[in-house]
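Taking it in order: structure first as structure tokens, then the write-up.
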Amino acid sequence: MYFHAAMIILIQSKDQIGLVAVISGILAKAGLNIVSLREHVDKVENRFFMRIEAENETDPVLLETSMRQVLPEKALITINPKQQKKIVLLVTKEYHCLGDILIRNYFSTLGAEVQTVIGNHTTLEDVCKRFGVPFVYISHEEEQFEAKIMEQIVALDPDYIVLAKFMRILSPAFVAKFPARIINIHHSFLPAFAGAQPYKQAFERGVKLIGATSHFVTDQLDEGPIIAQQVIPVNHSFTAADMVKAGKDIEVSVLAKALRLVLNDRVFVYRNKTVVFE
Amino acid sequence: MYFHAAMIILIQSKDQIGLVAVISGILAKAGLNIVSLREHVDKVENRFFMRIEAENETDPVLLETSMRQVLPEKALITINPKQQKKIVLLVTKEYHCLGDILIRNYFSTLGAEVQTVIGNHTTLEDVCKRFGVPFVYISHEEEQFEAKIMEQIVALDPDYIVLAKFMRILSPAFVAKFPARIINIHHSFLPAFAGAQPYKQAFERGVKLIGATSHFVTDQLDEGPIIAQQVIPVNHSFTAADMVKAGKDIEVSVLAKALRLVLNDRVFVYRNKTVVFE
Amino acid sequence: MYFHAAMIILIQSKDQIGLVAVISGILAKAGLNIVSLREHVDKVENRFFMRIEAENETDPVLLETSMRQVLPEKALITINPKQQKKIVLLVTKEYHCLGDILIRNYFSTLGAEVQTVIGNHTTLEDVCKRFGVPFVYISHEEEQFEAKIMEQIVALDPDYIVLAKFMRILSPAFVAKFPARIINIHHSFLPAFAGAQPYKQAFERGVKLIGATSHFVTDQLDEGPIIAQQVIPVNHSFTAADMVKAGKDIEVSVLAKALRLVLNDRVFVYRNKTVVFE
Amino acid sequence: MYFHAAMIILIQSKDQIGLVAVISGILAKAGLNIVSLREHVDKVENRFFMRIEAENETDPVLLETSMRQVLPEKALITINPKQQKKIVLLVTKEYHCLGDILIRNYFSTLGAEVQTVIGNHTTLEDVCKRFGVPFVYISHEEEQFEAKIMEQIVALDPDYIVLAKFMRILSPAFVAKFPARIINIHHSFLPAFAGAQPYKQAFERGVKLIGATSHFVTDQLDEGPIIAQQVIPVNHSFTAADMVKAGKDIEVSVLAKALRLVLNDRVFVYRNKTVVFE
């Protein structure tokens, strides 16, 4: 589930007979050896998804041109997506997800470069500075809160925006600017306990597992396409506060997994679902 | 998490200082050695729960009398609960949970005796007969459907009634007769996807884990105290029908776990929650 | 991870450039639509593995002929493997794996037909008879123990032989007759605790997880290619006997999973490893 | 599984009848209310373990004196263990476990203070400095390598020494100085793949799960009492290098769990096993 190859090719399109043949035929003609091929057809939506890792190299522009000639109209083709992507983080006060990302970023194993951290509190400024990562404080009490965040992001032009425990809700207008590019970590096993205070809800319901969900953000709160989910066992001895503590580790783990999948170009989005080639 | 001892003592009461001391003092005076002691205080409800396994034996009636003298009023005390309990199963057409229970019953490892299986279809009659377990067919189209089930159960006087994929909803009046004695297996990770067709809902939401929940039945549909929950990973390649298939194994596993816990007297119920001393 | 298609095509061969293209080209020419394609190249062994599910149908003999013309020499090609395979079970006294398989067999969801159960004790004869499955008793004290088992198997010509808690060791000569066709369930997380009494070993080592492993049998005891493994948590409160009890459920689960994978033609074997397209 | 109480009482001794009664009697007399009580008797070793969390407070010295009068000789009694323990970390080049610990240390959620990091390479010096944690470089090529580490540790007098991916083997003489106080993270599911290069071994064996084990260090390499273990699934698509990468996350997680358990005084050690009151 890691990169082993010289070229990465991602295709999403309407399905039709023979797609694998025409695509692999083009690759063979170009002298590329397929090391790993993952393919999925969503029969309900009649949609085709493919991810290829190939050895040897060829001109990506020519390759794409060849493909456009045979693939269905409006096919989404990405050849050699950036291996080192850029991300901007939005945070509030909780450090656990941010800390994990900063450590990986510092040791160059994140698969992305953290350009800037934007916080609506100053709590996490110091830890960012210790790693030499710019921190921008924008209070949610400012009138132009979202506009100022937008300004920063537009200037930085990141590949993804990661809400690493950002406790404000972004407006539909904001979200609409970055389709399938805003990644959130929600502290429950969605769709259970959407909305506020999921651990309190979980405590009151007396569940025996709690979880976390990483998903792309859409204009429907906590309703976007799910990338990764995990759970851990809890029991009667956990107070609501204990669940919060225990949940933090699983949040770190789920967000780390979602980022690794997305940054390794293993996640396709269509309508409200993901196809994840793990 | 299994029986190792001669005596089992279960206590649930209002909490107060010194309960462990007075209880263990009585046991020591009676010459009992505590092999395993589990205790929980629910601080929110000010409620005390204790489960003891002790070696050596003493007269249970005298023991209970001694305890009543020192425990809070209305304390629930059970000494040496029946090791071989009796259960009645309610089923519809799906065999997987029933099959697992029949096999364990046949090999005397269920920790209970299946007295009778009641089905609202005849689909599962043959498999019951193969194991010499009585099967009673009561169609849900009969006018007196619930009354007839009730009649059977009252005659058999089981310790627990297990809904092993029984696809009918029992009335609040029925449920009220058997508080904390009806055990259900719901094919989702509650509270996600309560109600009908949870796998279809899960498929449409694009979740990455599906689960099952075993709970006591109350008059709130799918809202009773949870005993056990488990999940398994799914992905984009699963159709809704695949999720149903994959889910069956986890349903079997969760119901088996819940039954083992309940039949081993490891589950206490208070309000809408359980305390489970695994 | 289930069948959704009209044709299943399995290929294993030496790797070379363009294999996907030539294979998918032949399928396209035959009017087959690829619904699901899984491919793996083992770079260490230079070995190519592919599993295809395709819609529409074509003559499998012609299809294989076309493929042989373009695939490397000695390629292993299977088109439309039998969907209803035949299996023979070998058992001793423990019922849990057998019970699960008999139930699935009875309800036609095993993906195979159990032809016969061979036991070196008579303990499990009755349960087989209840399901109308033939049971053959061959005592391990008989001189011709293995020869008699062999005789039964040769007469039945099963696709797979499943050791469902068969507590005797088969000779290398016996095993050599059925390469990658004998499936065992070992009651430990191999390679930890190979050999006898793994739970006793696990108890003495004080491990916090115990597991089970399903693998193909080779002439190296407990060393064959692994198909599936799972673990469950244990703790200090488990005696060795408790671990045995707890382990049974995970053994059932792992063997069920391994059988589903093998019977759905999702497992390729090469040297001492498996490629499993889940 | 977290602290909720004013007093913590830990007892380990030979088992005898009535221990719970005498202990809880003393607590009741002192006006302490037991919030949480965990008890285990190891029947094989005839050994008694108890952990109590109690509300209200009393003089710990008097409490211990009362207990010594009634407990078996040589009982180990700890009342109110330090909540903020001190630890020294030993590292080599791998950052992942260290990074996680430094982040928790910085945000005061580790349950301990990292006094110093000792490295036999300088690779991790910078990250320590960023957090203001002292780093001492002691090359393993120095003649007095172990003696110099010892000197540092003796001067700092930590409660625990954590081998956070320290790739050198400590001598039995060194280890003997710190019984049940050196915590290691081993990158396999022990006892599988003890010794060097466990992921290479796991890759060659073709396992379907890989794991990590945190244990106390004894003079038997990788044989000390196990505190925590976890596994994650792998498959044929993982190279040995991929397993190393995937394993790092589980190593972080297992070491974090082991530290939380030990630092919360939930782990008792006797002979080569632990009792863990999670």
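Letters are used for the chains, namely A, B, C and D, taken in the order the chains are written, and counting of residues starts over at 1 for each.
Throughout what follows, a contact is a pair of C-beta atoms (placed from the backbone, for glycine too) under 8 Å apart; a residue touches a chain by one contact, two chains touch by 3 or more.
On a predicted model such as this, the values are computed, not experimentally measured, just so you know.
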**Pair joined by the larger number of C-beta contacts - C-D, B-C** = C-D
**Asked** Measuring centre to centre with C-alpha atoms, which chain is farthest from chain A?
**Response** B
**Complete:** Cα centroid separation, chain C vs chain D, in Å, comes to 40
**Prompt:** Rounded to the nearest whole Å, what is the centre-to-centre distance of chain B and chain C, using the mean of the C-alpha atoms as each centre?
**Reply:** 34
**Message:** Which positions in chain A are in touch with at least two other chains?
**Reply:** 4, 36, 40, 43, 237, 239
**chain C to chain D touching residues, read off their complex** = 40, 42-43, 189-193, 205-209, 211, 225-231, 235-237, 239, 272-276, 278
**Request:** Can you check the complex and tell me which residues of chain B touch chain D?
**Result:** 4, 17-22, 24-25, 27-29, 31-41, 43
**Request:** Using the touch rule from the top, collect the residues of chain B that touch chain C in their complex.
**Result:** 1-2, 4, 36, 95-96, 99-100, 102-104, 106-107, 127, 130-131, 237-239, 241-242, 245-246, 249, 253, 256
